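Labels run A, B, C, D, E and F following the written order; every chain starts at residue 1.
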């Protein structure tokens, strides 16, 4: 029984990763592409690791699978943030469909500071 | 395969013989120190040893006479057939005496001639090296030892010819002489070795006993040809004669000693030495005789038109050498006796004349015979010496020269009209040259010269007078030398013992009449030298071997430059291209023509996702080559790395995959780091070269694929990995076999690997720091 | 002696008692210890250790749910031909002050798909976030502040009485 | 599967050599890296591939039963990878310095040291 | 290696291809960087699935390492993409 | 476990590490460095005597039984090469003390120098092919850094060409290794020899020959044979004289050693094909080297090309493949290492005194420094083959071997190339020593030593050249033993596989 569930989980994880890849290809600009890929990939890995933990049903393996999940969950946001910030600041064009961009013009490249005066509430 | 060269005959007891040679060489090394001590008297002091050697050699004459020559032999490198063995038989002694005798006089003469010259110590060093090696050559019993001294004489002659090395012409002449003689030397080496293989031994004495075996062996022809070539280069025979006149750049003592009396005779000596074994075939007759005759005529003719004293003597020496070669070429016992006599006679009178030329040059500052005249009242002793030597050269009765000419004419008559005509012409030119050099400068009206001449110092005229009086002495009492010296030498040259009694007077016979006639015509020629020189003698053959030599040298340099520019183009990609083409061609050719190609067998089945992974790697590699942005190239390189790591995973190599992933990420980061500071990719090479490169790359890739396919197809032996698997846990106490192999079974590799990393770290540090430091250092702390 | 430390001690003692220090055994020891401490929580000096654990579990559940939901939305968007997203870059005034709080908030926003933190203003007053589905900027702002920030601050600030 | 990998190796070598023949110094480095990947894969493939079983004795068993991957080429490749990494790092530093002193990365400008 | 696992691996490799397409086409560098990062996590996925397929937990160690260091490359790229200009003027 | 086998590797490593610590204490660094080379020489002498007395010495690293561990093997040929490395190492170290500038010493010249020696000695002694690759890499890495140490433009360009081509050669070496392992399942040279010689592979024998060709190309690049030698003239004249002397003396010889080892021990299946190819390569190498030398007009570029030409002779010895020929090859290698290193040291002094490497601008050294002139004459004439120096015996043995195997064309080429070598040497002699020229005023050298301090290592090596010549008898007998040992691998196999702890 556990075997079946783990296989399904693996498949599910793989599907999510596929979605991430498709998102990667279809999305118009870097930032939107990043959303789909990093997030769902992380979820994909999470699911696969769950499947792995179930498949081996051994505590040590489980801990290792958990470790992988924790590492992925802790590193992906950082890299996502870094890439997003880098892409944005290096002037990557946003998708024309972006409704508003409140950060435009606030970044002062030579002093590397971002002015933060409060806008609305 | 070394049995063939059995060692020399045992009775090598007379150590002194070897000591004679070695001591002279030893003195050469001491010479600079001695010269600095002795100052002007150096010539006399240094002459003591050669004189002693001469006396010792004379003491060996009786031994050689009754066929028990002093011999000495110790093994130097028996496996190579080289023995430090000497044997003083008649011929060797005659030549050795000539070397040490004339050598002593030249050493003394040089003391005077080069007095005050700063390089005198170097001169003496090289002169004594030369004398030692010539003695070694004359007395050598082992053929390779002869070759060794042969090459040593070449290098010492290079040093001596280039004595005044500031002058470009002297350097060129020295180089020309050295290249030709050393080239001849190497040819000689090959010849001697072939002869050794034919005769079964490298020792002269034993070799000469197998003359019929040698003549029959297939090696005879190549051996003789090679040896002849070597002898002709050394003795300045026809095609290689041009280096001798150019060698007149050397100071006169060198010209006297090397380029008339001893070194140039080495080739003739070798022919005489090997004569008994090699002559008797028409190859020898026409080869040696023919070239000898040609050289004799050419030398004689060219001598007539020279105006410089030393070049005149040089060409007449070439002619004399030609005559000697001719006589040896004829090979009959009588001819060989004539050759031996001519050898001695020529050594005496030509040596004296050269010394005279040196004296004239030393006193008057010029060697041009047009400006020399009427010097008798001022240089009486030199004039007397010159006169005697000239008479001996011309072949007038009381002198020894007459006896040798007489014998040469007798031999020539035996061999028919052509030979006689040639010898007579040579005789004529001898007489002419004798007149011009011996008589010309001292009689007739006095001409103005740069330096006001006066008598040469004793050290110089002593040599001239001794040689001249010897010619006279041997002429009047030939018996002194005929028994002890000439007949053993002749018998050595002929091969079986002959006794030869020399006599001044052979009665009136055709030879005598001919010689008188030659003297008469010769003096006539001498008298008419002015119109002769301006008229008939103008025509000269411009495309001689000297011209060919220069052309060859020039062509070689041009060829070298062109080839190097072609190959060593400086473009790294051409280097890599040649490398790839050679590797692919060589390995491909071998693989396919020597049936190395084979279809793979026993391979694992194929899974679609693995194929996809392979395709991904290939695609990534392709992108890495095509993409323009360099960081994209790095990214695709990263993908290749990931793909390869995944393949390692799929085929059960976790450690490998982990290392590959780590290294891959690190490499990507490093590449980004480095590439960031380097310029963008630009399309540099032309389309054509890109297509060519693609071709080469595909060929090489295809070859690698073929190799892998055929290697997987064949399994010669089971791998030794089973041992590691069994013993990893019990002995290595580790479960991960790969790790155990790395840290235990093959830990030595890992040690090397870590050292490489350490050095790489130093390297990177040096490259980055030193550049920064060197910038600041230029201004920073000085050396 | 904070209750958490006590709980660890209990777990270890349980391990010692049962004689095997397998991680699984320690885990059961920890749960039992937690139960024991819960029963006698009044005896110990007051701390929200117990409330806290419950809060963490609820937050994790909320987070996973949020993650799944957002993923599904993105998946839906990716699979259907047209683009349904209304991406926007919005600035959110920050209530969080300390590094830990800002980091926690950033993690939360980054991990729930549909929103990525671009940058935080140098004076840490505003956080700029790129969001995928934000028809109305202010609504989105409120949602993030209420949903994510409130929970995280409550979680972090709640327990540290000392900190203001 | 060795057949497919043979072609992958051939492709890697071809790409590597093509990049080596280019005039840019950087492409040379990429070429070298590609070639070393090819070489490592070659050593791995030629020594027979076995799918899945890593040469590791797991905790519960004391001896490894047959169908396992051959550990020796893995050890060799590991050493080779690390060595080629060290050398690549040095080559990068060298390329950087060469660029600084020559001013361009075009290899054709760098022929002053030849005849 | 039952069929389900193979399909999963196939899907993951397909995802790899798609990411690779983005990496090739990606107009800007950050796009390529994201693709490379994606490749990293895809590899983790593949390794994990393969570990299950061959019942070899040893592969998980590789997955752990990869999960950790995969993002280092991305951060390096990010640092440089943002930096933009050269640290010191071109020689 | 014969410790003598391990010493030649351990000593340079320890010295390298020690000198690494005293980065700024230059005097200590120099002292330790010199002591290290002396120790290495002593150890190598002990090794040679040991091998000569009781046959091939073999020791398994880590005590693992024969084909499984990594063996260190010292046969006569290997021991002699280690001895030569020791000699050259000491001479160049002494020379470097006075000639290497302070800045390079602060940036790790001495440690790199000793690591290179370690790599070289390791390569000579190892009995495992992959271990040979690792030692090659150690040696190459050290040489890369030594080549680039100093960082001026010429060095950079030379280093790039040197690094690129050597890396390609290492990649080929590795692929060949992989293929060989794929076929024979082992990397231990003795085991390989045993497997290939006892029952040579039946099907597709051509594959083994193809792999042999790959080995030939890989080692050919390192040994700088024809058409793979382009990196040598482009890079050897760029680093300082001491460094290029060490390279000239040792690096290419390791390539030759590897070629000889591999083609006398393992690849004996198709000697008709492989060794006649070697002969052709030898002839082409000889000619192309000497032709290249004639076109140069810088002191060290001429010498670089001459290295290539003389490598041809060693390959000729291997190609002829008879005990006498191999003895000739061993003797020639020994002679060439000493003479060529010496010539590079002399070129360093000449460049220092003349102020420039260009021959056109050099001159007047014969009158100014007659001792230097004589010391130049000894190695240069020895390389030409003028007796009684060592070169003559080396050439004699090769010519004799050639004649015995009826390779007349090759012998003719060998002798002809000697003349062209003479032509180049005379060009050097006439231009640098005889031609009158201005002398750069620098007569005092760093640390206040005069030229004499430079001449001690040169005199030492020149003395050796003469001694080898005079002592040719026993030495050639020694080389003959080495040749015989190389000719029948069974002794080697028995020593490694059979015996060995």
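Note that a contact is a pair of C-beta atoms (placed from the backbone, for glycine too) under 8 Å apart; a residue touches a chain by one contact, two chains touch by 3 or more.
Not measured: the values here are computed from a predicted model.
Considering the contact criterion stated above, no chain is in touch with chain C and with chain D alike.
Minimum number of contact steps separating chain C from chain E: 2.
Between A-C and B-E, more C-beta contact pairs are found at A-C. Chain B and chain C, compared by their mean Cα positions, are separated by 92 Å.
Centre-to-centre separation between chain A and chain B, using Cα means, comes to 80 Å.
Look at where the CA atoms of chain A average out and do the same for chain E: the two points lie 12 Å apart. Between the Cα centres of chain D and chain E there is a gap of 20 Å. Looking at chain C, no residue sits in touch with two or more other chains.
Of all residues in chain A, those touching 2 or more other chains are 22, 34, 42, 76, 85, 89, listed in ascending order. In chain F, the residues that reach two or more other chains under the touch definition are 130, 134, 137, 141, 144-145, 148, 151, 160-161, 164, 168, 175, 179, 181-182, 233-234, 292, 295-296.
Pairs of chains that satisfy the touch definition comprise A-C, A-E, B-D, B-E, B-F, D-E, D-F. Within the complex formed with chain F, the residues of chain D that make contact are 20, 25, 28, 32, 35-36, 38-40, 42-44, 46-48, 72-73, 76, 79-80, 83, 86-87, 90-91, 94-95, 97-98, 101-102, 107, 110-115. Those residues of chain F lying in contact with chain D across their complex are 130, 133-134, 137, 140-141, 144-145, 148, 151-154, 156-161, 163-164, 167-168, 170-171, 174-175, 177-179, 181-182, 187, 233-235, 237-238, 292, 295-296, 301.
Remark: chain B residues 607-609, 612-613, 616, 619-620, 623, 627, 629, 631-632, 635-636, 638-639, 642, 645-646, 649-650, 652, 654, 657-658, 661-662, 665, 668-669, 672-673, 676-677, 679, 736 touch chain E in the complex.
Looking at the complex, you find that chain F touches chain B at residues 13, 20, 61-62, 64-65, 67-70, 101-103, 107-108, 111-112, 115, 118-119, 122, 126, 128, 130-131, 134-135, 137-138, 141-142, 144-145, 148-151, 160-161, 164-165, 168, 172, 175, 179, 181-186, 191, 195, 201, 203-214, 216-217, 221, 227-228, 230-231, 233-234, 270, 273, 277, 288, 291-296, 322, 324, 327, 366-367, 370, 381, 384-388, 392-393, 396-397, 399-400, 403-404, 411-412, 415-416, 418-420, 422-423, 426, 430, 433-436, 446, 472-473, 476-477, 480.
For chain A in complex with chain E, the touching residues are 6-7, 10-11, 13-15, 17-18, 20-22, 24-25, 30, 33-34, 37-38, 41-42, 44-45, 48-49, 51-52, 55-56, 58, 60-61, 64-65, 67-68, 71-72, 75-76, 78-79, 82-83, 85-87, 89-90, 92, 109.
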